[in-house]
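Which chain is which? They are A, B and C, in the order written, and residues in each are numbered from 1.
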Amino acid sequence: MISRPRLITAAVAVALLAACAPEAPGTGSGGSTSGNQVSDATLTIATTTDVVNYNPLVGNSRSDYWITNLMYPHLLSIGPDGNKQPELATKWGYDNPTSGYYEIKSGLKWSDGKPLTAKDVAFTLNATKRDKPAGTLTGQLTNMASATAVSDTRVEVKLSAPDSTVIPEVGFWGNIVPQHVFEPAGSVAKFANDGSNGGWVSAGPYVLSDVQRGQSYTMTRVDNYPLVEGGKPKAAKIVYRVFPDVNTEILSLKNGDVDVIANSLPPAQVKGLQGTDGIKVAEVPGLGYAHMTYNMTKPDLAKKEVRQALAQAVDYDAIRKVVLQDQGVSTGSSPIMPVLKDFYDDSIKEYSYDPAGSKKLLQQAGYTADGNGNFPLTFRMIYSLQDPVTTQWATLVKDGAAKAGITIELQGLERNTYLAKTNAGDFDIYAGNFAIMDDPATNMALTYLPKGAINYSYVDDSALNDLITRARVTFDRDKQRPILQKAAKMVRDNVYDNIMYTQNLYVAYRSDWSGFSVKPSELLSIVNPISVASATKSK
Amino acid sequence: MTMTEPTPPVDPVLQAALPAASAVDSPARNTWRRFLREPLGVAALVVLVSLVFVAVAAPLLADYPTGYGNAVLSPPSGANWFGTDSLGLDVYSEVVWGARQSLLVAAAASVIAIVFGTLLAVLGAYFRRLDAVISVVVDLTLSLPVLPLMILVAALIGPSTITIILVIAAFSWPEVTRVVRSQALAVVRLPYVDAARLMTSSPAWIIRRHVIPAVMPLILVSVVLTSSRAVLSAAGLAFLGLGDPNTWSWGRILYEAQQAGAMSTAWWLPMFPSLAIFLLVLASTLLSTAYNDARNPRRNKS
Amino acid sequence: MSLLSFVLKRIGRGLLTIWFAVTVTFLMLRLLPGDPAIAIASTNMTPAIRAELLRTYGLDQPLPVQYVKYLGQLLQGNLGISFSQNIPVTDSLMEMLPWTLLLVGASLVVTVLLGIPLGVAAAARAGGVLDRLVQVVAVTGQSLFVPSVGILLLYVFGLQLGWFPIGGAYTDGTYGGAWYVSVISHLVLPSLSLVLVQLGSYVLTVRSTLIEALGEDYVTLAHANGLPGRRVLWKHALRNALLPTTTLIGLQICLYLVGGVILIETVYAYPGIGRGIYDAVIRLDFPLLQGAFLLLAAVVVVVNMITDVVYGLLDPRVKVGS
């Protein structure tokens, strides 16, 4: 017996549902099998962050990078030793200190058939310089004056001042976009590139074909992709799926609902997944580091002894062992990381964990401890609550400092507030991490030169400034190296920056997939274009 | 049901606390004797008292979880009864000390909600002009989805213990007001209150002497129920990252389990705090039901 | 009171409630600590866009002027631009709404189908063992912490038993009929979680109102007229108990639509409004957060209005005034 009220309610519900029911997608085809490899398979990749925008010049979330990297090529890539490698560009360098060049592969095409030439490269660089979109590339172009395509395959870049970092950094960071798509839109800073004008134009290996916001992003193969072995990407489709909760993501991988988890695993989950049947875990060398900076505009922190005392009050080993599960590596407290084999100086040693020594330093600096052993020193440390690893070691830092009689107040902030306070210098101690610090000269310029974009310690040391500026105009790697190493040692000895570790990352994928090629950093890892295009699924 | 138009009906347990029209208030001792005969109610009381005891006696029961431990995410064992978390800390200690914060937040939030809510209800019952305004505000607030509001406020102000308490209190008081108000209205119209009005011109005295005691049982039940719901709200907010990151609470244990990707791989991490929350809410509700049954024996029988 | 004036009065109250929700969010975002501009303009936006938004919403003007502009924008259906997605909030919400409605609708149907028989069974033998059991089980459901239950279900039924897929609303690459099937299979676990949480309160209300109805005069009268007990129970008491339960259906949506749904959609990666709220919180995307809240409030109000009207249609006593 169905009563009227239930019928009515049911009818209303059905009507509501019918009115705004999601539409079923149209027809499509599945995969076929041949040999012991599934040909034309679909690779499903899970991510915890949603895609925010499709314009690679205005990069934003990780997922943005992953997806746009599959459509817009970089001139240069990076190898396991931290050195730049060819991708779109086959040759690159400087003709003279103010003029650089790239030679790109010939015969490449965009997915709509138009040729990919040096003109697209020149356009990308010039438009970015002109329109200043909010992205990393804009920052790299500070010393570029103009770019010109002198032939279909050669771009010449004029610099406004000698700078040895421009060509490699711009080549590594910049995505090349199609001039015929981006130019008509006017400003590249405002162009949404949301495919509303008949879809996307890609240089391969894949092109976005379907977007279900917050759920899945489907990309289909671009058949002609010379950069991969065989010239054609193996998987026919790539689907990025968004999971807000990493727990569900892991269950989904174990279940086979997804094939790869693109975001790096929480350190505590790595061992478990390594031991799970059907799952493989790849190690991805980190290209960045986690660090704390001490705000030197504050009178106490302007004193070197105080900074040294703070640096010696951190149990680095415990952090690496417990929080990172031994997946972190010390950099020797130097801003040059071990993965950059050409530059790394292993003579620089990490600060030792010595709270008693810290106390002595503070006393030498004129501070007296009270009856409980506490000094009149209280510092406010900010960090992002969205970063679970930093959140965990922040408490360890606080505990260590307490042992040295220093009080640290933890202020965990949500991301936007964190960024705002960072930019405003509203903190005593800043804790955070950089994902990619691939070029020491560029990075030090940004981090230690006064008014540098990421100079969070507000350091202004003329000797250091001198070293860094010299490094930037030294084009010979052998001559540049000792300058940078000296600068790194200066940073370490003066505690202008407390580099805590570089974290090796781990990504998990199902073992029936293979052929991935690992590149350093989470932005590339196994989801870089060549890797994705080479991946195959066994039956 | 309510004095105004049909609105979301009252929580069944809270409604049952309203005395039946013809019931006479039983003396406390009879209530207590009847209550003792209900095994579920007694069991619930025992559980609740134990949880409060754990919260109060936390320093005696476990060390404050701080720093780190060497065995990360290890299952329950002799050394760690509830296992360890992603920093190697003992989950048992976290649950024990978390009881403090969770119960504190719940109690504080509900006390504020109840004091504020009862005050408004009683004032509204006594002063008819205020009543119109108050009942409109109450009904309107009750019609709004509460958790998103809490989320909005917590996101704006930033996570901290005070924020959570105030946010939960701010959205819990309307329910209290509505229920207490109907009872207060009934009392205010009783003849002896009119008589009291003849004796004194001080509304405060009348309210304190007559109205409050009449609504007291309702308030008691309210305290228990609102607190338990506050625990769920606080845990929910903490799980979404809006809890206080500096103190241990049940919600925080769950949040850290979620962040560490451990919810399905280290079952002890989400299970024990969830169990604690579950026991608290279950016991509170059963206790309230049993108390109501004991006060009005005819209420729930056919 | 005639039916028409009853309905009009109900609609009036509904509009008043929506206005209240709108005003509350307006005030909250501008009076609570922090830069009020975050309500509509993100710091990531270019200065030109930011200035334009500030002008549209009049953030440099006194509060009353802002309020008027804000209401004006709302009436035009402009909920602002989502910081995190760079699309109008309305578009984003419209994509998410169907999934939430689907989820809640499915859970509601199951809750009602299970809840009424359980409530009746408990009321029929009130005070007995079955009744006690049902009450305890009902309260148990209300005491569960939703995300833990969600992960547990995923683990047991998704991973270990492999009966259901994990995460998402449908399987990519399925079309036509297969797509609908995948939607259903993805719907089962999330709605089951919601049912577990909702069922308790529903059963208890059915039970208590039925018990009250069983004590009413007309039931006694029907008994006195010699009608067999069973029929009395089902025909008369249930009919009356259905009135509050219909209202309760509305309540269910109000109370649990958001509390449980936000957590459930997050855990199950279900792309509904609850998930949208979670994402908006993570990124402090206030336009989206505010828009989602307003949409939910509107849904709640509309459903309440509908159920109250239905209530009114059925119960002759209501129309004559309470």
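We adopt the following convention: contacts are C-beta pairs under 8 Å (C-beta built on N, C-alpha and C of every residue); 3 or more make two chains touch, one makes a residue touch a chain.
It should be emphasised that the depicted structure is a prediction, and the values quoted were computed from it without experimental measurement.
A count of C-beta contacts for the chain pairs A-B and B-C puts B-C on top. Centroid distances built from C-alpha atoms place B farthest away from chain A.
Computed centre separation for the pair chain A/chain C is 39 angstrom, with centres defined by C-alpha atoms.
Here the spacing of chain A and chain B, counted between their Cα centres, is 45 Å.
Chain C has its Cα centroid 22 Å from the Cα centroid of chain B. Shown for chain A are the residues that touch two or more other chains, namely 245, 247, 249, 251, 386, 414, 417. With touch defined as above, residues shared between interfaces to two or more other chains in chain B number as follows: 155, 241, 258, 263-264. Shown for chain C are the residues in touch with two or more other chains, namely 151, 154-155, 159, 266, 278, 282, 284, 311. Note for the complex: chain B touches chain A at residues 66-70, 72-73, 86-88, 155, 158-159, 241, 245-246, 258-265.
By the touch rule above, chain A contacts chain C in their complex via residues 3-6, 8-10, 12-13, 16-17, 20-22, 24-28, 30, 42, 44, 50, 52-53, 134, 189-190, 192, 212-216, 218, 237, 239, 241-245, 247-249, 251-252, 254-255, 257, 386, 414-417, 419-420.
On the side of chain C, the complex with chain B involves touching residues 9-10, 13, 16-17, 20-21, 24-25, 28-29, 32-34, 123, 126-127, 132, 135-136, 139-140, 142-148, 151, 154-155, 159, 201, 204-205, 207-208, 211, 214-215, 244, 247-248, 250-251, 254-255, 257-259, 262-263, 266, 277-278, 281-282, 284, 286, 289-290, 292-293, 296-297, 300-301, 304, 308, 311, 318, 322. The part of chain C that touches chain A in the complex is made up of residues 42-44, 46, 84-86, 92, 94-99, 101-102, 105, 108-109, 112, 151, 154-155, 158-159, 162, 165-169, 172-173, 175-176, 179-180, 183, 239, 242-243, 246, 249, 266-269, 271, 275-276, 278-279, 282-284, 306-307, 310-311, 314. The residues of chain A lying in touch with chain B in their complex are 245-247, 249-251, 265-266, 268-269, 272, 318, 321-323, 325, 385-386, 388, 391-392, 395-396, 399, 410, 412-414, 417.
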